[in-house]
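Okay, got some structures for you below.
Common to both upcoming complexes is chain A, partnered first by chain B, then by chain C.
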Partner chain A sequence: MPERVQRPASGRVLLARLAEQVIAAQDAVSTTAGRDGRWVTADGDRLIDGVVVAATGRRLDVELHVVAEWPPEPLQQLAARLRGGLERSASNSGLSDQLGDVDVAIHDVRERGDTGAVR
Partner chain B sequence: MADGSSITKESAAPASSSTAVTHRNSEPLSSEKGQTTITDGVVTKVAGLAAREVPGVYELGGSTARAIGNVTQKVGLGDARTQGVSVEVGQREAAVDLTVIIEYGESIPQVAEAVRNQVIKRVEGITGLSVTEVNITVNDLYFPGDDVEQPPAPPRVA
Partner chain C sequence: MVLVLRALATLIGLLLLVVLAAAGLAAAIFSLQAGDGTLSLSQLASLLSLDDVRDSVGGWLTGLEAGGPVAVVAALSGAGAVLLGLGLLIGALVPRRERLLIIERSPQGALSAKRRAAASALQDLAQQPRVVLAAKVRVRPRRRRIGGRARVTLVHAQTPEPGRVLAAARGASEPLAEQLSLRLRTRRREPRRARRVS
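Now for the complex of A and B:
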């Protein structure tokens, strides 16, 4: 079996990892890959749920697909917090020149323990 | 109580700040750093959960909706939290229709008003939409014994 070549992660994957970490660090919010698993980014052998990074010109636009926990804070604040967190992380990682728009889509509100699928 | 005994009121919410939140099926909130999209399902869920927070509300949904809801939930297609809730969402405003079952003994007008206030508070606070009306249909009353399974009647003859 041929040995798998380890390649350095692209800026797209690095931004997706940062986005995953930013969301994971927040209380009362989680990611969703969607009903048919379309909101993901492939990172080697694994998938990063709820994060889509796509090149637009010279920059990389990021979509964050999330579910808020009940009772949520005002959703605009939540979106701004996620956006700001990713901008700071990208800046700290030297990726701010690659980061484009950060779109946040809130798909559901769930009570703690509710693991129902996003419709 | 038969279906159809209803109280329907409309309440115009105070004019709130015109937060430009928009929703799926329309344009999302735009800023120079990106867009924020709140799906209509989120508004429905917020309204349903808010109504359930009010003491005296036993359940949401009419008897038919609940019967169908029980089936759809079992096959993973339904969600009890959106049962009995219908919303119409515009660019900046939302209208909410609720069907509720109230516990017997509670004041229906007081519970309905509390539900209306709670739904307005939550939807406006969480989504930034201005709630123009909350229409409430009280569909049934709940008696505490309704859930208790009755033992079979003893035979009348030996």
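Now for the complex of A and C:
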């Protein structure tokens, strides 16, 4: 059986993975791919939900599509927390020079434990 | 039901566009030759068994085929029809993108929210006062700019102090509206069959 070739991940995919980990480590927020599953980044065989990374010039802009938990903390604070976490992770991974804007889009505000589909 | 009707309307619209495009293509191809040539409008009329129509508009078609003001008007109309067709195709095929409420823009990036998420959060807060039976919230984001407007319509039980209901609901939802950069407008409506709250 031929051995599967593992290609090195691009900066885009590495940043998307970091963003996924940052959101997963935060309280009161989770990722969403959106109603029609549009907001994803392909990482080999799997999709990273709620993270879109796009190159603008030499930098990689990141969009985080999230669902916040009710009652929501101040949204500006939530966005700052996510951005700060991603900047730290990118810095630790040597990707800070590639990280561009980090946009945060709130898709829904839900009670804790509500896992229904995003409308 | 609405989804089925919407799908049907999209399908019919698409079919009409295809028919229109085919008709336009046929007219364009049969305009290549003048007179009674194989690719002339006269021949197209014969193929479609429209001889009577050809006789009545024959003079106009002759003017169309020749150079002059009629041909210029026809060329401009044709170009306009092509642009309109392309526009309709784009409108039918390109997916609609929901307008987001932009809450904040900073050098680090933008913070935005879906209208429905903002409306639903405001609705939960506006319904907190006991006398409020229901609240309907409509959020209108500005185009490309920060913030927007939110209109909260409260349905409340009969009460001697309706002003206090408005104030209470407004007080509950105002902090979040400010966070979302929304200008809040509150109004009230009594239910048709007013219920008294004990």
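By our rule, the second predicted complex is superposed on the first by the 115 of 119 C-alpha atoms of A that agree within 3 Å, B and C clash if a C-alpha of one lies under 4 Å from a C-alpha of the other, contacts with A are read in each partner's own complex, and residues count from 1 in each chain.
To be clear about the criterion, contacts are C-beta pairs under 8 Å (C-beta built on N, C-alpha and C of every residue); 3 or more make two chains touch, one makes a residue touch a chain.
Everything numeric here is computed off the predicted structure, so don't read it as measured data.
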>> Given the alignment on chain A, is it a clash or a fit between chain B and chain C?
In response: clash
>> For the three-chain arrangement built by superposition, which of chain B and chain C touches the greater number of chain A residues?
In response: B
> Can A:Gln76 be said to touch chain B (first), chain C (second), both, or neither?
Replying inline: both
>> Quick check on the superposed pair: does A:Val104 touch chain B, chain C, both, or neither? Answer first, second, both or neither.
In response: both
> Do any residues of chain A touch both chain B and chain C, and if so, which are they?
Replying inline: 61-62, 68, 70, 72, 74-76, 79, 83, 101-109, 119
> Which chain B residues qualify as touching chain A in the complex?
Replying inline: 19, 21, 24, 28-29, 33-39, 41-42, 45-46, 49, 76, 79, 81, 122, 125-128
> Within the complex, which stretch of chain A touches chain B?
Replying inline: 61-62, 68, 70-76, 79, 83, 87, 101-111, 116-117, 119
> Which residues of chain A touch chain C in the complex?
Replying inline: 61-62, 68, 70, 72, 74-76, 79, 83, 101-109, 119
>> For the complex, give me every residue of chain C touching chain A.
In response: 100, 103-104, 108-114, 116-118, 120-121, 124, 176, 179-180
